[in-house]
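Note that the chains take the letters A, B, C, D and E in the order they are written out, and that residue 1 is the start of every chain.
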């Protein structure tokens, strides 16, 4: 399989701080790729650069064979590379249905959806797999956190992306709430062949979900490998998992 | 249809029917006169809303948009005696272009920054209008503009139909996918970009639309008075803002009703002499304090049919069992 | 009864003067039995000096109150905008303000349509400028050998027209205009303009400031002891409060009074001026003169024709055209005679522009034309002419 | 030319700074754009005129007028502004305070009429500097402005209460956590802002004049200055005020007085587009 | 004796209820830890105690006095001091100013002692007295936040995730400091996600999920409760 996303030597400085320092990695089409690292390691900043919200100082980002550096976030999204936000960003004044409708009004989806009934069907399909059906007509402002997290993923999914970047979709959720989102991610990956890139701190669920991981600390990649290799990596243990952290996953 | 169950539409329909037959019932030219101008105020407030109410950019210089239409008409008609059928479309095009010209550089500005930028544009306009009196007539304005139609009653119908169509278009734009996208941008612009919405395009379109209707209404007003001058154009910046907010923003019709009724109110308060402005400002302040969503939006929500159930989701705690 | 509508910006000083003067005249006429036995009834609307309010106000006066005549109007913009409404209702209008020459120019261009409008006052801007220009050309130039002047004036059409006409006459008399600056309403610091006028060697600064900005203009001129006299038209200076409003810094300010002021223009002027002041506590402003005259013009015209013809607008108009309150005569409080375009006749027996100066003893005196002078023009003390 | 532009620009700039400061301070500390600011300036001038006209001595009259606007300022903040602030949506504060300004204008018209008033200068001896004459009332206004600004800076930086203001402006929540009554700080800051504007109103009225519409142009100037300087930045506001003073003087001198204000507005507009955060960039009170 | 007690508190934001009927007692002199996942409502608990979030039902007592409904600054002056989530320093003020601003309402000699104590437990702060808080590293900022809370001379010290976003070594330094504070006998209520750091110093642990306390006991009791361990702590 080919690489759908290639990140090379990415550097971003904020004043004196290097938020990402020479980050290089590849994501293979169809895989579920994980990014791990302590708070402030630079994970969100990495996403911001890939999705076009921040312009890197140096380095290149190749998506689907095309250099996307310098493209606006909306252009990148329309090419099929879509992200979610760590802090959920619902369209507060709109209902859940309208939230999903807005996302289908993009140039990309206008090509894929030709008629109103088709649009309705698509939105209902997305709402269905994301378990949002019962709140379709609720103002998103009134939703509890669990639903907001689902909505965040649903919005991204409803543009039918090739690659989906998920920034901590489980944060703030209980074990029972994480489960449905995990399922959605797997479904998207297996049924719709969406490549997943996932940032998460919830180790247990994270490790169960991804095939391959890079670990980042202070903006640098400190390890790369399968979940098993990562939890046993000395550097990762030292900087992130802490003493005996490996047990968390192994047990 | 569902609409028939909606008392709001029924009320508006009755109101419109009443306005359409009003000149037949009454020959009070004074009332006809102030109603005619109230229609134009409704368009000012509605056109303000499509930009500010839908994208959250608080425009404090709407008069600049109105001035473009009104002065363009004034200037060409002073030279060529242009008739309304030509001048109004001209005003539409010029204002829309001007809206784009203002929209593009100020796209990124929000809150007080945008408020000041728009205020500055209107002030710059006002200053230039006064200084370059060769073209604008300075403080005396431009007079001798051809009247809209030959008589007050036909003026009335012209303005009623003009504002009805304008507000309908703005309302449909607001209700359509376009309006939905504007609201999503207002809620969270980054989130809209992240899914691929071309936010710039939509924001600039909102500017163009807002300016276009404001400019057309300005031109209609110019033809109605046969005159365009700073005294009737520039106070509109703040008046429009006040009317729209007191009416209720983000839905076109509440704002337009605000424009219509407040314009009537100020005219009717004139009988009170010195007290009228005082009363007007007190009403304004009280309505902001006690009707936070705006008078007509609050009323509208009260009258809204309740059959569409808004399911409130269960809290997570309950769901766990 | 005769119903007369009055439109004025009632919340401003000008509007108050119109109201006071018209009320005074109406009471007098009614006390004398009215016009041919008909009492005058007044209807006021506040036009806030904006076109929209004036137009809807006039519509209300005509369609609701059914007035027969209209008096008033202060700003030119609003009046010009309202002329078509006047024409639509064929309403005879005795104008009290609107100094723009365009009002009567419209009458000239389309007499049949606009014949209802008469300029009872005030002088149009060119005539106002003319009186200033004549004072410079015929008094300052021969007396003091003035040859350089500057213009520092308000950036409004009305003011510019006054200044331009004054400049034209001054230039004809050989005065060179060495510096020109126009400032916006609300300007607060004139030091740059004064300084440049001084550097250019101006001996006289021609000003035309129709807004209250004239107060700070005069104060700063006095404070800076600018090397040039100020001569022109400062509206605020045309009333006794000016001295107090400038903290006593009004001295040597010289302004033209358009067809009015405390000078013996007609036999009634000085008495009326005193009576007005006593009754209302403030002296009449220049707009009070035409406002007071207007009802008397109407009285004279109506009494000159048959009561049955009062409904015939053309006959009434013709009668008004014939009214004459000549200079030094016994009618009115300032001269009123109409041209065929319903403008004021300027000069001769007609309307006058009188130059007043605030003098070093704190008194306000007429200094030009010499026939009416109550004092002699003083050179500002710090100038060595 | 240099002397003229420099001297008058400095004097005007100092007065602009004084008036803009309170506006900036209110924004910096409470995050509120208070369009009622111009009204304090106007009300103080009217109160001053009225007290003097009933025979109160000028110094006492000035103190009483400032006390009055201080109370007015705190009442505005404590009542409607904090209430609307809690409700969110800044546009309502904008419109409410604007409406209140017009209300004040109409109320004063009702009481004092439409005519203009003036106050006798406190000090009226002209000074000669670099060949330019400076009228006494203007140099007095300059001195008062500069002294007030310095006193304010010392107050903020040296007193305990000033520390509380600083802390509140940095982080209201954290200030509460260290025991600072931030509502009280807001109200006090509103009173201080009102007094600053009031001093401005009293200082300028001997050479300008008092009128019911004097608040609007002053407010627009203060608003532009504060945005140009960076909302909430006191240092930025002072710099922007002087830029405005010099620019107006320069344009009046070198081009035309009628273009002075437009030029400043154009500058503000351009600045907003290219650097929306103002001269100083970051918020620092 | 309990210094702080929450009785059946319900609290949240607008329509969202975060704490439901929750009760908690903190005993004088104890170090009481509250553990729970992201979004469990731990910060909300602390905000409710300090008056930022007003409970809709229940009562909070501090030293026998009802404090719910009081404003935050009043509660702070009574001796409840919080080092908040995200530190919330006065970023344009120096380290010294950040510390002294908290002493406006405390006794002067006491403040001096406290200042010395803060510098003693966090020597890195002493090296940087005149650095602006906003320019310091995350760990230093966290030390300053804890130090600032101590400067109020509180009767109870509330700490919201002092280990958040920090490298292992820095975490250890901070927790060493906290341990020293505990040794002076100060009552501490600490909210954490990192159980490995907090377990050794806690006298008592409450585990918290969705506004409910689902476990309460000592560290040892927790270690022996396998179901809780695996389900809620991921241990």
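Here, contacts are C-beta pairs under 8 Å (C-beta built on N, C-alpha and C of every residue); 3 or more make two chains touch, one makes a residue touch a chain.
Computed from a prediction, not measured in an experiment: that's the story for all the values here.
Touching subunit A and subunit C at once are the following chains: B. With chains reduced to the mean position of their C-alpha atoms, the one farthest from subunit A is C. Centroid distances built from C-alpha atoms place C farthest away from subunit E.
Annotation: 39 Å between the Cα-based centres of subunit B and subunit C. Centroids of subunit C and subunit D (each the mean of its C-alpha atoms) stand 37 Å apart.
Between subunit B and subunit E, the centres computed from C-alpha atoms are 52 Å apart.
Residues of subunit E found to touch two or more other chains are 16, 210.
Those residues of subunit D in touch with two or more other chains are numbered 109, 258, 261. Across the assembly, subunit C contributes 11, 155, 182, 184 as residues in contact with two or more other chains.
By the touch criterion stated above, subunit D contacts subunit B in their complex at residues 27, 33, 80, 83-84, 87, 90-92, 94-96, 98-100, 102-103, 106-107, 109-110, 220, 223-224, 227, 231, 258-259, 261-262, 265-266, 268-269, 272-273, 276. By the touch criterion stated above, subunit D contacts subunit E in their complex at residues 160, 163-164, 166-167, 170-171, 173-183, 284. Of all residues in subunit D, only 4-5, 8, 12, 109, 113-121, 126, 132-133, 135-138, 204, 206-209, 211, 217, 248-249, 252-253, 256-258, 260-261 touch subunit C in the complex they form.
Taken together, the subunit B residues at the contact with subunit D in this complex read 58, 60, 105-106, 108-109, 111-113, 115-117, 119-121, 123-124, 127-128, 130-131, 238, 241-242, 245, 274-275, 277-278, 281-282, 284-285, 288-289, 292.
Within the complex formed with subunit E, the subunit A residues making contact are 38-40, 142, 144-145, 171-175, 201-204, 238-239, 242-244, 247-248, 251.
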